[in-house]
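Letters A, B, C and D mark the chains in the order given here, with residues in each chain numbered from 1 onward.
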Amino acid sequence: MVGGTFREARAEREGTERRVTDKRMTASQAVSLVSDGDHVAIGGTLYSRTPMALVFELLRQRRRHLTLSRPLACYEVELFLATGAVERIVTSWVGIGLPWGLAPIFRHYVESGAVTYEEWSHLAIGLRYKAGAMGVPFLPGLSMLGSDIARTVGLQTVTCPYSGERLAALPALNPDVTLIHVHRADMFGNVQVDGYRHMDVDMARAARRVIVSAERIVSQEEICAQPSATMLPHFAVDAVVEAPHGAYPHECYGAYEADVDHFDAYVKSIREHGIEAGRRYVEEHVDGNPDFAAFLDRVGPERLTARAAGAEELMPR
Amino acid sequence: MVGGTFREARAEREGTERRVTDKRMTASQAVSLVSDGDHVAIGGTLYSRTPMALVFELLRQRRRHLTLSRPLACYEVELFLATGAVERIVTSWVGIGLPWGLAPIFRHYVESGAVTYEEWSHLAIGLRYKAGAMGVPFLPGLSMLGSDIARTVGLQTVTCPYSGERLAALPALNPDVTLIHVHRADMFGNVQVDGYRHMDVDMARAARRVIVSAERIVSQEEICAQPSATMLPHFAVDAVVEAPHGAYPHECYGAYEADVDHFDAYVKSIREHGIEAGRRYVEEHVDGNPDFAAFLDRVGPERLTARAAGAEELMPR
Amino acid sequence: MNDVTAEELMAITASRLLADHKVVFAGVGMPLLASAVARHRQAPNLTIVLEGGIIGTRLLPGHLPISTNEMRAAYGAQMLTDITDIFLFAQRGYFDYGFLGAAQVDQYGNINTSVIGSVEHPKVRLPGSGGANDIISLCNEIFIVTQHEPRRFVQQVDFITSPGYLSGGDSRETAGLLFGKIGAVVTDLALMDFEPSSRRMRLRGLQAGVTVEHVQRQTGFDLPVTDDLEELAPPSPDELEIYRTLRDGLAVSQPTTPDLTSSATVRPV
Amino acid sequence: MNDVTAEELMAITASRLLADHKVVFAGVGMPLLASAVARHRQAPNLTIVLEGGIIGTRLLPGHLPISTNEMRAAYGAQMLTDITDIFLFAQRGYFDYGFLGAAQVDQYGNINTSVIGSVEHPKVRLPGSGGANDIISLCNEIFIVTQHEPRRFVQQVDFITSPGYLSGGDSRETAGLLFGKIGAVVTDLALMDFEPSSRRMRLRGLQAGVTVEHVQRQTGFDLPVTDDLEELAPPSPDELEIYRTLRDGLAVSQPTTPDLTSSATVRPV
């Protein structure tokens, strides 16, 4: 299992400055907060509200020896694997999506033993982030018990001092850096999202540093107009990156649907060319553009507009 | 400490019907779900979003041997005490509000030993409801430790099986019935509130039965138009009572401020006449009216309108 | 009936397990489709919950979700929250049914979606648990739907990702899994349940035209047959129309007004 | 200075403890008022958090809240959440300061707001902890503000509602309170802190015109004096105007644009 003690996590949090200051920066500046060997948690789930603008920048900067954690991981993990950036994956599921079958690059690295896949249940990942966010070293739960995933990760149990019941003890997961993508943020880092929140709140509050990319940078007044919609306060956020369509080709609730054609093309290419195709994807889409906006330009406005229209159709009215 | 085991709480929850049906009823019908000896949790906090229409009905029905729990309790607890309804109070604070000093009826019953005040810290109450809501028998925390309140309630500790740290173990608190007041509910019991949520979510999900009063009954379409604002889904709610101004004389965020003049009059009267004034309050304001709407009629529309205007002035715009 | 696909057969048979006014925690794919069919037929008040933080999804016909974490899965929902919160509802006992697919299932209903071979030296590393371990551990009654093939129905799974009855008897409870039972396994050939004391899987019903022998040949372990073995009704035209319309997107009337239809629950187990 | 009330003196002295760009978890009453004064003076980027689920309150002058759970307390907030969530932020280490009043405090900074007499046979049953136990256990540095009277400053509190340094030395840590320190106690007579190893309260500063002897007479235990005892500056006209305007409601300009004022922090300890 990864991570320091919860005392260290607390001490780091205490020692962190909570300056109310303009935290806007480029993705490149923000991602420089990530060091080789860090545990990076990637917000959203599967292909929903993944901070792709930040993920692309992290791929570009070619960090090494990373641990990556997520609730459910999608093809972005394959890109980190293919470029040799990651040593350990902590999640409950790795794939691309049901119709695309198994993820071949993931299979290669994990089956060969080159990379460790630390598999927990979905709720276990959630409770691990939540323990980290709550500032406790573990939380009790009732899943994982009796399974081989419990055995593989070395799950411990804890006995309730009142009822005598034995429960699973999920150890706190405190990422070094958490990346999330949101709908709105002000320059100080107060952030709001629409729709489901995935595990973003706990993942961010468990972390040592938090980088947020946002569809829109708004005024503090706009945040304060709907204070109940605020998901994280400024003092839980270290960097704010403006990134319209910043989850593309993944979806952003209410803003745009996922681009499944993009996944199709990716999967077709890795089925034909293997790991090399993963590297080529990074060369073409990440290294081949100066920044994420340039990548989106090459995707083209028609495609982005169509995904936005698809989202619009699914919204309550 | 009160309450059955978490296994019993789970078994009750499993056995409960989750019918999607019209759950609207009168306060009188709804409150008949409460039995003598029950543990009743009262939603909101202090004088904010207290379900007063339901509280008045519970006072009218003169239940006996109740346990009452809340995050912070206000003068409503004195009314239950004065009418002999309550045996035990589980909370972190009992008063009326800072300017009104100590609560004399509360003092009388607790100092004489007639009623037990089980005092926990504010967070401890929150984690106790949360443990109940999460379906676990306890949650770990880092307050209460070293204090005499821990000693008095028999707080146990738990050792983290990973770090070896010793933490406070807050035992699950599963009320028999939770009463909450909300801004909007549909007839099935999907409910939404504006502003802060107090501990309503955990308190409701920890409970065996949940009674909701609502400022407005709305269509399911209105709920579905803002699904992220839904605080409890229909299957966590057993009864829905329409109660405009249903938190009066307490506040309801965005709708009306508290009526501090009403508190002034109450406090003046108990300072002069003691417990008897508490009983008289119930006779006059509860028993003296056929229902809560009639009580509000006697309060008068001018007073209600003024409190609504005060609320309007404080809202973001 | 030649034109009924195995997937249609499974989804429709499975849909009949779901009674009205219940809450089902559905995995994506067949479990979700089966739940949607039930909602359009005998269970208009069925509440479908998805792990993506979604309560009360309605689905837009022809725009079915690929995952449990996307807008299509949230269509028409009454409540959107977060992932962990959904599982905590399950842990509290709110969810009558947990509904899962399975890559590999054994005679005690244990599911493997982690690895073929050993975890140390995997032959195939599968995606992993996702929410399956939690759903099977926390929901009140579990239904499993999968294709009936010998490589899927094995004596003992290579790896217990999601615990059924573990090694049978009371081993599930002993492991600390205090709640939930594995109610049924539905396939394109049969309906199975579990013997109450040994907790071994047994044959309860046959899809139309399927023999006990055929089911046994497609099963990697000995499958006892219950005394009251029944033949399952083939998908009705009505069921097929609902299924296909959901999938392909012609208009299906949404059961938006609960309690108007109170058709008796079709529940073969 | 005759017209400065004890409450004004305490709130203004306490307000100077708060540095800019910090997060303060404030109790209602004087702690909140002192925090608001700081925000309008040396700490325009101070974030005030209240246990009612409120982050970043601004307060509307003349409409001060009576509790931490009401609209007046939420005025201008950046985030509204629930009560437990606020305390969990504290438990994680986000809150630089915890700021409390006290009915009774002892030489180790333990606070009693539960009972005068014994809990079994109370002379006076006080309201209880509220959030005070959690604030003092979980925030990074604690400030206590209260009136200086012998009945409030006792050798040993009747009941430890909210643990300071317990019985001194490392007893706080030993009890499992791993974090936080009691930074200062502010009264209408003096400023106190705690000796680093014994953790006993000591006199650090005197309000203008107050003698060591007077403070000692008003204190129910022996109060050592630090070598660098200082005289605290009396409230400035500026501070008094801010305080009174907040309380009474004439216009005070809101510090809405952070980082434009970067006045040096006035911090006497």
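Please note the rule applied: a residue touches a chain if its C-beta (ideal position, glycine included) is under 8 Å from a C-beta of that chain, and two chains touch if they have at least 3 such contacts.
Values in this document were obtained by computation on a predicted structure and should not be read as measured data.
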item: Pair sharing more residue contacts (C-beta pairs) when A-C is set against A-D; value: A-C
item: Centroid spacing, where centroids are CA-atom means, of chain A and chain C in whole angstrom; value: 29
item: Rounded Å distance, chain A centre to chain B centre (Cα mean); value: 38
item: Intercentroid distance (Cα basis), chain D paired with chain A, Å; value: 39
item: Chain C and chain D, separation of their C-alpha mean positions in angstrom; value: 57
item: Junction residues of chain D, two or more chains touched; value: 74, 76, 80-81, 88, 91, 138, 178-179
item: Per-residue overlap in chain A, given as positions that touch at least 2 other chains; value: 7, 135-136, 141-142, 157, 165, 167, 195-196, 224, 227-228, 316
item: Inter-chain touch pairs (all); value: A-B, A-C, A-D, B-C, B-D
item: Interfacial residue positions of chain D with respect to chain A in the complex; value: 21-23, 45, 47, 55-56, 74, 76-81, 88-89, 91-94, 96, 138, 140, 178-179, 256, 258-259
item: For the chain C and chain A complex, residues of the former touching the latter; value: 28-29, 51-54, 60, 63, 66-67, 69-72, 74-76, 80-84, 87-88, 91, 114, 119, 122-134, 137-138, 159-163, 166, 171-172, 175-179
item: Chain B-facing residues of chain A, complex; value: 1, 5-7, 135-142, 156-163, 165, 167, 169, 171, 194-196, 224-229, 316-317
item: Chain D-touching residues of chain A, taken from the complex the two chains share; value: 7, 10-11, 13-14, 17-22, 133-136, 188, 190, 205, 220, 223-224, 227-228, 230, 233-236
item: Sites on chain B touched by chain D in the complex; value: 45-48, 71-72, 91-95, 97-99, 102-103, 106-107, 110-111, 113, 117, 119-124, 126-127, 129-130, 141-149, 152, 157, 165-168, 195-202, 251, 253-254, 257-258, 260, 311, 313-316
